[in-house]
Amino acid sequence: MIRHTLLAALSSLALVTPAVAAEAPAEIKLGALYASSGRFASISMPVHDGMMLWLEQKNAEGGVFVKVFNRKIPLKLIAYDDQSNTGTAATLYNQLITQDKVDILIADSGSVLTSVAVPIARDNKMLLIDQTGTGATFFTPDNPYIVLLDDPVSTIWPKPLADFLTQEGPKLGIKKVAMIYATNDFTGTQANAVRKFIKESNSGVELVYDQGVPTETSNYTVLINNIRATQPDAVIELGYAPNDIAFLRNLADSGVKFNFLFCIYPGLETDLLAKNVGAAGLNGVFTYVPSSEMSYESEFGMNLPQFKAAWNKAYGHGKVEFGFNSVAGYTTGLVLEKALATADSLDQLALRKAIFDLSGKLKTIDGTFELNAEGAQIGEITPLGQLAAEGEQIKFVTVWPFAVATGKPIYPAP
Amino acid sequence: MFPESPLLAIDGLVKRFGGFRALDGLSFYLREGEILGVVGPNGSGKTTCINVISGLHAPDGGSVTFAGRAIGGLKSHQLVRLGINRTFQVPRPFMSLTVRENVAVAEAYGGKPQERVDIGALLASLELAPLAGRRAEELNSAQQKMLDLARALATSPRLVLIDELAAGLNPAELERVAARLKEIARSGVALLVVEHLMGFIQEITDRVIVLNAGKEIFEGVMDDAIRDKRVVEVFLGAEDEG
Amino acid sequence: MLIYTLLAGLLFGLYFSLMGLGLNLMFGVMRIVNLAHGDFLMLGAFLAFWLFNLFALNPIPGVAVAFALFLLAGLPLYYLLVPRLLAARDPEMLSFILFFGFSQVIEAVATIAFGTSERSIPGGSMARAAAAVASLLDLAYRPGPIAFLGQSFPVAWLAAGIVSALAVLLIYVYLYRTRLGYLTRAVMASREEAISTGIDVHRVSAIAFGIGIALAAVAGVFVPFMLGSITPAMGVDVTITSFAVIVIGSLGNPLGTVLGGILYGVSYMFMQSYYSSWANLLPYLLLIAVLLVRPSGLLGRQVRRA
Amino acid sequence: MPRLLRHALFILVPLIAALAIAPAVYGNHLLLFNLIVFMTLAQGINIVYGFTGYLPFGYVGFFGAGAYGFSLAVMHLHASPFAALALGALAALLLGLGLTPLFRLSGAYFAIASLAAALAVLQIVSNPALEHITNGPYGVSLSGVFDPSLAYAVALAILAGTVLLVIWLRNARFGLALQAIREDAISAGMAGINVVRGRVIAWLLAALIAGLTGGVYAWYISVFYPETVFSGEVTVFAIVFALFGGTATILGPILGVAILYGIYNAIGISTPQYFQLVYGLLIMGLVLFLPNGLVSLLRRRGVDVP
Amino acid sequence: MKAETLLLAVGIEAGYGRVQVLWGIDLAVLERETVVLLGANGAGKTTLLKTLLGLVPAWRGAVRFLGEEVTAWRTDHRVRRGMAYMSETAVFPGMTIEENLLIGGQFLSGSALRRRTGELYAIFPALGERKRALASSLSGGQRKMLGIAKALAGDPRLLVMDEPSAGLSPLFVKEVIRVLEQFRSRGLTLLVAEQNVKFLELADRVYTLEGGRIGFAGTVAAMHENDALKRAYFGLK
């Protein structure tokens, strides 16, 4: 605490006399966790590597510009491997705060590994830079020490999907919707949201099948058969990447065809899914259109083609997938960069204020950065899109909302 | 046939293992302070008989009465507290505990609160005193057998079932054990002794019963048993004993 | 729906049997609990993946390669780990810890070598293999799901089912019709007596160990088709499933695994159909129930009680 | 001086004093808290495995039951942390009582069945059908009672009580009786020991310890998912730590946690990419080369380790 | 014709853990000879036999078999060389009669094994009739017969037996002795550890074992003169 107060004091001096900038620290310490193994490794590594890409780029340029000191300061990353274990993660978050005394605390990706950091950060009055931990319970009015940078909070995430089904669906003949979801925070919350949106729409669309399955579910063949038996017009499958891979493979292997099928990861991790399911297996699938496909007007940082090229240069070995999560990690860096360039002090709440000030203004590769009052991300929403496979190439067609649409949905899907 | 209120009365005891009747209507009795020898060929039911009386197996038929109380089906620790204890053919001490701990735990749990046993004296009487601090696994098998007996005696029993205690002891040791058992019996404890060593049985028992195929075929003194035609028949292995 | 679920349970149950078969053989012969079983399965899956990607080798012939390679790898591994373990005071319990450690090592090495992304083999490869087999046998089949008693199933299920049934059959033949198998069963029946009879118990056990992990690797070949995708972290779930299967069947009796697998498969699929969110609870309840009613498993002979 | 008092004075007092002072010296309080948690759990394992010979591979089930008991009491009854802690302990005790039939099993069967039981509880707790009770898979957030310093002190008190219990077991006749049961249940019966009662009491004591620890863990952590408090690694850590030090002693589990957990954290911070590998190799090395723990090294030199 | 020494043990000391059971045992078995090792329960008979077979390591001393020092050999190597051992359990109960014999003859080639099992079925017709029956379905006496057949299936030079009479009724003991007599007359060398003095009928020479030491070694007649039997076996008197 003393350190932060001191910094705050120093930085206020800095406003008065730029000469004090000479006393700027040699480096800005970033503390982060990643999971190189275990259940969350495949989500965590791309995010982490995406952030690393930003960090290395900045350091190659001599550091990031910090307004407080009016100069570029190199970044130092202290990163620990929690191996997808929350117990280990908790200890390591503490290590970063209390032993390494990092200036900025960055959570591991995914809600589970982020969750343990929430009370720790709050207890230590450190602002938790939440990258992709979208769990709705993290964001409460009484906790100012968290901001979600890169994904929309899970309660609003499926809004485009639900809006499409309830507003456009009936016109296309979609009345009966089947939903199957993995029972974890990430997909369970989205399922709850979809259910709520459909119910509140009074559009005549009804859920004819609504079942949760354990997240470990690795074969959906019987479930697919049961879903087919309800003769749905649209099917929503919500799961992590392994769930979606299994579902789509089982679907192809069973020879079953749904007129409308929504899955999360064909959009978020298109390359990964294409490798595992095959391009043909993704043809016509509805999904979120992620930042890695949207070519947002990036006003800050690399744009998508640049980023993809940089990624392939740095991580061409193929062990970590390019995709939505890698963009997320990079976006973390961009938001931090911008915040440091505008923050009046390195005090945690000042940092928070700087980040909040970016809300609605910062447009990056990840879309428009926008926060609600609790620090949950509501700007970088993911529109609904449909995939079209042309040979091995997979193209996104954004279909909803109309404002960003690039094409019309094909229903029934090919 | 039974005397007035014997300490232990077995009547028509049956124990089956699958289709095999290890005990097939066995009956006998035992008085306080008496040493009863139980002999018979291998597989005649001697050890099963001890196992049933000591609560390891529940009987399938018949009755076991101890001090006037039916005890068939009681658990071992309950029988121990009533005053029944035993040794094992292959001794089963608590291997990683010391000799003293082996006896102390039995004294603490199986003993009677009103008559505490002097563990030091008990160990001394069975020649275990110098080994008191050793772990049981360091003892040889003769010493482990004595430890088994010490464990049994530590619970102030009224009846001890002794399963082949003498085997493996040298003549000098045998003589001392025989004397010790007689001493124990004189103090009022009844002993049921299963033994292969006929000489040993003859030396210490007042009375023997001979088992064959889970039934009693003879009861009386050892000298008569050797002359009994039926006994000789089932016990051919012992005919050369002279 | 009922028929479909039942048939799916039966077919998938056969694959579950294959999953547990090697684990059970190992327990039967060595009385050790191989908590790294699922990790060997994962390695087998990666082998199939690389065979397919580097040499375009179809998973069906990949089965033979996986079996041979893992059998060979298992022999030295046995001598490295097991004799020392068996010399300890409580090998059955310590094996839990040892092989847990080993599973961590395998997962760590696999992660370093392969990364963490999901991998799989295109579903069409299995259909092509099936078509090739069908043309050899002069059967009419075009790639796609296969109709079976009026229901349609992925062809990979049938392939996995057939390979599983064959593996079980081969293990049966091995144990009951070959000399080495007699010796293996002798060791299973009584290690003591086997040593007394002059059986080279370590050799027999090493082969059983090799076969055990080789069977895991064979089951691994089907992972992309049966369990979606391969990751280095997948081992734990597989190990737990395998345990449920073999305990329900009968721990230590490899052939009991078939019953366990099918029972597990059918009940799992029924849960998935009718109470899907509870599907993962059932195996554990089934396992506990079976253990309490028949501690040695449904096909177990002797009852083990303390 | 009686042994019990000597042990309390020379082991318990310095240990608790050191851990009470530590937060003032070392800033990573959570690491210290985890150290306390694992010391307590390792002693719990010590009581079941070291003193009765049963290895509960699902020990974390009690920990999770305690954590959820605590959380449910806070969320639904708005209980004070201490009342909630009592309810957490009660939940673990009830689970322990419900699982007593597992004692009919032995060896690997018991270990697996207890693991299945823990997983079954996890499946129930995390099922979305029970969202209104347990909050299902969405996890628990207890920000209202968040008080890490108090929770730390309470955890320390639980550790003190647990170590005191083990000191008592090590010196009282009941501990001797439990060891007698472990060595030979039949002989234990003939020593007048009620074998069933002895085992159940030890089991419930261990459940109580884990339940209290789980409760205080929930309190300290305050935001967690079901998988966090039912993680199999909690069991494995506790077992490995206890074994590494040496079971059936007072000092063994304490040393085991202090040294191994220290090493783990050192690796986790210095070379995290190899953490899992080193962790696995350490476990394997422990089983193969030091199966009776550190204290066996001292024992071999004739040192009597308390 | 001077008989060759088949098995020679010199100065054997052995035990379990820290407990010493055998104290300097010297023992020899000549070719075609039947040696009975007599001793009470716990005298160390089983330990001695196990040491000879390599099932228990010798702490000190040496074992020679067929002129070779085998002290450090593994059991399976000794068995392959021609030592067969029949333990007290004798058979694998969960396996069939035929399988038991095939395991006993594991080191023979296929054809030799078939010939050998054929011979054994001829000698034990009761076994030949029920080849597929589980050993556990046999009576105690038949099980011992199977044990003998199993031990002999490999056509060994020396058969080492641990208490073949254990658990048998006197009638079956007689039968076992009769069968062994038959093999003995065909030239089989036997080392039998027993408590049952009936086996002295078979013996060319006797060793008595008392408390882990050899008490007497010599012919049966010499033993009777020497009173060694009573000392070893009857304890008192």
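Per-chain numbering from 1; labels A, B, C, D and E assigned in written order.
As a convention for this text, contacts are C-beta pairs under 8 Å (C-beta built on N, C-alpha and C of every residue); 3 or more make two chains touch, one makes a residue touch a chain.
Being a predicted model, the structure only gives us computed values, none of them experimental.
Counting hops only between chains that touch, chain C reaches chain E in a minimum of 1.
Under the touch definition stated at the top, chain A and chain B share these contacting partners: D.
Set against one another, A-D and C-D show the most C-beta pairs in contact at C-D.
Farthest chain from chain D (centres taken as the mean of C-alpha atoms): E. Set against the C-alpha centre of chain C, every other chain centre is closer than that of B.
Chain geometry summary: the mean Cα position of chain B and that of chain E are 31 Å apart. As a whole-number value, the distance joining the C-alpha centres of chain B and chain D reads 43 Å. Mean C-alpha positions place chain A and chain C at a centre distance of 37 Å.
Our note on geometry: chain A versus chain E, Cα centroid distance of 76 Å, whole angstroms. Under the contact definition stated at the top, the residues of chain A that touch 2 or more other chains are 36-37, 183, 212, 214.
Shown for chain D are the residues that touch two or more other chains, namely 123, 127-129, 273, 275-276.
Every pair of chains in contact is given here: A-C, A-D, B-D, B-E, C-D, C-E. The residues of chain D lying in touch with chain B in their complex are 173, 176-177, 179-180, 183-184, 186-195.
Of all residues in chain C, only 179, 182-183, 185-186, 189-190, 192-201, 301 touch chain E in the complex they form.
Within the complex formed with chain B, the chain E residues making contact are 17-21, 40-43, 140, 165-170, 173-174, 195-198, 210-211, 231, 233-237.
The part of chain C that touches chain A in the complex is made up of residues 1, 4-5, 8, 12, 107-108, 111, 114-120, 122-124, 126, 144-145, 152-157, 224-229, 231-233, 237, 269, 272-273, 276-277, 279-280.
By the touch criterion stated above, chain D contacts chain C in their complex at residues 49, 53, 55, 57, 101-109, 111-113, 115-117, 119-120, 123-124, 127-129, 185, 232, 236, 239-240, 243, 273-277, 279-284, 286-288, 291-292.
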